[in-house]
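Take a look at the structures listed below.
Each of the two complexes below includes subunit A, the first together with subunit B, the second together with subunit C.
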Partner chain A sequence: MIRFGYAWTALVSATFHRLWWSLHSLLLVFPAAAICLFVLRWRGRFPQQEPEQIVHTLSLFTEVVVIYMFASFLVPVVALSFGTTGLGGDREEGTLVFLLTRGIPRWSISLGKLAATLPLVVVFTVAAYWATCRLAGPAGQLAWQAFLPPLFWGAVAYGCFFHLLAALVRYPTIIAVVYALFVETLLGNLPGVIKQLSISFYIRSWIYRIGEPWGVEPPSTFLPISAAGCAAVLMSVAGASVLLSLWVLQRKEYIEKES
Partner chain B sequence: MNDLAPRDDSAQVVFDRVTRFYGPVIGLNEVSFTLPPGVTVLFGANGAGKSTVMRLASGQIRPSLGRVQLLGRDAWSTEAKRHLGYCPDVDRFYEEMPGRDFVRLMVRLQGYSPRQARHLAEEALARVDMVHRAHRPLRTYSQGMRQRIKLAQALAHRPQVLLLDEPLAGVDPGGRHTLLELFAQLGDEGRCVLLSTHMLREVESLARQVLVLVQGRLVAQGTLEQIRQWLDDQPLLLALEADQQRPLARELIGWEEVLSVQVEGPRVLVRVQQAGSFYQKLNHLAAQAPWQLRRLEPLDVGADAVFRYLNQRP
Partner chain C sequence: MPIDVARYHGWNGTLRGPWYSALAVTRTTLRQVFRRKVLWVLLALGLFNFLLYFALIYASTQLPRVGDRLLERMDFVVRPDAQQRNGYLRFVEQQGLVVMMLLAFAGSVIIGADFRQRGVAFYLAHGLHPVHYLWGKWLAVAVLLALVTALPALVLFVEYGLFTTDWDYWWQNRAVVSSVLGYVLVMAVVLGVLLLALGTWLHKTVPIAITWTSLLVLSGAVAGQLTRSTGNRYWLLLNLWRNVRVVGRWFFGYYPRPEDRLLAPWAALILGGLTALCAALLWWQLVRLRRWD
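Coming up: the complex of A and B.
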């Protein structure tokens, strides 16, 4: 057990260190900074002295910043970037062989990679959201408390799902980008129930439900499900992805390409 | 210090009627062998199945049929891998990491504490002569240095079974000599070393056993001597030098052991079958003939010839 602990800790810390100091981390600062700058400019155009003004601003902030910039863009991008490179980086670089021939259970390699990846996804998302809400003034402070749960669980669900893709396919980044474009963007915005195949549907549903008292309304073609239902689906996606990724890595053969 | 791998003579790798398919393609065909402690050379051309053997033995893939065991455990299992050191043929690393950190990380992934990992990594780096160069990032290394780091990570945790896939690729001649000494040393320590190569001549001196793979089949197994003995009855090319070539050639052409005779300058090239019987008759002839036999030189009894012969089998 102690041996396993040493090995697993080494795997998590090495993966975290590599991801933290990677180009991905640096590149992700730019979209987050762009959103912050947008909010900074936008704030001046919406006075927030009166309660009605705050509610009106919150409604707009939710629609534009929380739903379109965070739920539909930044959260999946951050999750895709880190989620596919934790385990997927080793697959693409061909270094997974060094891990698979060590005396640690294969499933624990998947879990270790996820344990290093998920905190980065969550911390990056939450930190960017916190900074944005701070810059948005009183409406932002209300939005911070209200919409953190859907964004948090959305980041977790996306992170775990992209990690599963990394366990399943050799080039997970490409597949994840295709998935994000077709399933999340295209299907996620189609009328009807087909959009329920996308993770973003449940994040947006949850946000709309929370935002109802402030007049945040979904488009007429978007029929949100209950907040509890959204939470259950996002947690289930995360849990199922984790379990499936452990099972896949435990069972799957990985044949590295010849140099 | 954590418990180290047991070192006894029962340590071995077992392939028991192993077949491995890659889709419809057969990569390995009913291969059986046992590896004792010491150096065993796995020899074959590219595509012969060497890498499949290595991947099966290192538990990266599973056999389609048969079983592969390391020290009595399924090679796929975590327990088997605790006693395994694997030097893959792929040249991939965490490029930004210094060589020393990479070796330490690999030792830590075997379950050693940071302090133990430091000690074992330094020991391994010393064995591959990389102590003073291990502080540099891996991306700055030459091919030979990268090979040494791969070896260091394989042997750092002192495994009982070492699988070295083309470990001399890209290493300069001086470095090769050092590494060959290291492999011999590891074998002498009682470790089971399986070394794959397509350059048998280089490593034949340290091989306790040679496995020859051709098109996924194990076609020969044993010491080089045993394999040569087995080849004794197989066609062999000899060069004879006598003071009169044509009478010698005329004499030989009628022998049942002789397949062909060719006079080439001062030499008579003879392709023979049943070399043992041929040598006996030739001795007899040399003693009685009016001409003098000056020299007899087998042209293909070296290890490469063994391979050449085996590769040409129908």
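Coming up: the complex of A and C.
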């Protein structure tokens, strides 16, 4: 058992270091920096001396930055870049076979990869959000406290879901890009209940519910659900994705293909 | 074993110029891309719009009363009107999302894999100049782009003339062909060179996908919000995808908003600068690689 623990910890540590010191962690800084620069330029247009002005700016900040740039773009991109490379990177480089021949259960390999990727997804998202909120002034301080839970759980749900994709398919990054750009956009813009099939619906819905007292209103066709419901769905998506990814890697036959 | 038994023999035909060697690079690259099942999924996604308009055009030619109304509702103008509105332009622009995803995938397969697995040395060892190698790779990107934009648009154009048996339709609207090809050429030049530059420097799918989506999606979001909050329309020039559209629309002469006409020269300048920068980065990377080899 102790040997298994050592092996598993070594796997988590190696994956974490490999992902942390990777080119894509550096590249993710650029979109986050672009959002920060945007906020710096944008905040000058909205004075925040009076409480009413702060509330007005908070409402705009939520709509433009939290929903449009974070929930719809940065959170899925960060999650797909780390979530799909935990397992997908090994598969792309042909090193997954060496991991699978080790004397530890296959499910623990999937769990170890997830244990290394999920903190990166969450820390990167939270750090970028913290920096953006700091730059936005008093309205940003309010937004930091209010909207951190939906973004945190959104990042966890996306991270676990993309990890499942990495266990399921050979090119998880492209499938994840198709999902994040095509499926989520398509479903998110359709009227009615079908948009409830997308993860971003629950993040946005949760944000709209929290932002109600500050006048953050969803579009008339959006039909948000309750905050508790959103939290439950995001946690369930994360949990189900983890269990399914463990099961898939445990059961799936590894086939080496010419890259 | 005699060398003929191994089916190896010298080339007996007429040797052609080095630019033709690019066709072999294109052929090999496309073969590698088409082997991926993901590409077929993306092509299928790209066909959704085409099939929709194909059915609508068919309905409009067979059941003119109902079909024309359907085409009107979908804002698909088969004969460019006084404002130069054009259904084929609309179709090509609607394919934008599929083009974005297709190229995000193709970047690592078309050129990134050559650098990652050191296949470039193999190409350049065959007496191929880096320019011909890049030309071949760019042609592969252009073919992929044309497959989801120009080709279906031209099929729709042919379909309308064919089902209405109005042969004059093709002649009267012959400008549609050159406009579609011109628009797609702008896309191919700008996006193709940018993608090749990203592929040579970033190699893997994830970094390419992150940079690609940030450049095309996030720049659009930031540009839109800055324009809205400041009222300064020049911020729209930050949107790379919009710049491609504005320059491409020049071939159709269609500018629905007055600011588009105003921003078109600036957009062309930005795209020209970006393409030149990417070409220089590409050249630098290849020359560096050649020196090391």
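The rule is simple: the second predicted complex is superposed on the first by the 257 of 259 C-alpha atoms of A that agree within 3 Å, B and C clash if a C-alpha of one lies under 4 Å from a C-alpha of the other, contacts with A are read in each partner's own complex, and residues count from 1 in each chain.
Definition applied: contacts are C-beta pairs under 8 Å (C-beta built on N, C-alpha and C of every residue); 3 or more make two chains touch, one makes a residue touch a chain.
All values reported here derive from a predicted model rather than from experimental measurement.
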#### Entry: Which superposed partner A:Ala14 touches (first subunit B, second subunit C, both, neither)
first
### Task
Could you tell me if A:Leu100 is touching subunit B, subunit C, both of them or neither one (first, second, both, neither)?
first
### Query
Touching A:Tyr6 in the superposition: subunit B (first), subunit C (second), both, neither?
first
### Message
Show me the subunit A residues, by the header's touch rule, that subunit B contacts in one structure and subunit C contacts in the other.
### Response
259
#### Entry: subunit A contact footprint on subunit B (complex, rising order)
2, 51, 55, 58-62, 78-79, 81-84, 86, 88-94, 96, 105-106, 108-114, 117, 153
### Message
Could you list, by residue number, the parts of subunit A that touch subunit C in their complex?
### Response
23-24, 27-28, 30-31, 34-35, 38, 41-42, 45-46, 64, 68-69, 73, 77, 80-81, 84-85, 88-89, 92, 171, 173-175, 177-178, 181-182, 185, 259
### Message
Considering only the defined contacts, which subunit C positions touch subunit A in the complex?
### Response
36, 38, 41-42, 45, 97-98, 100-101, 104-105, 113, 117, 202, 204-207, 209-211, 213-214, 217-219, 221-222, 225-226, 229-230
## Note on the structure
Given the complex, residues on subunit A that touch subunit B span 2-4, 6-7, 10-11, 14, 18, 21, 93-95, 97-106, 253-259
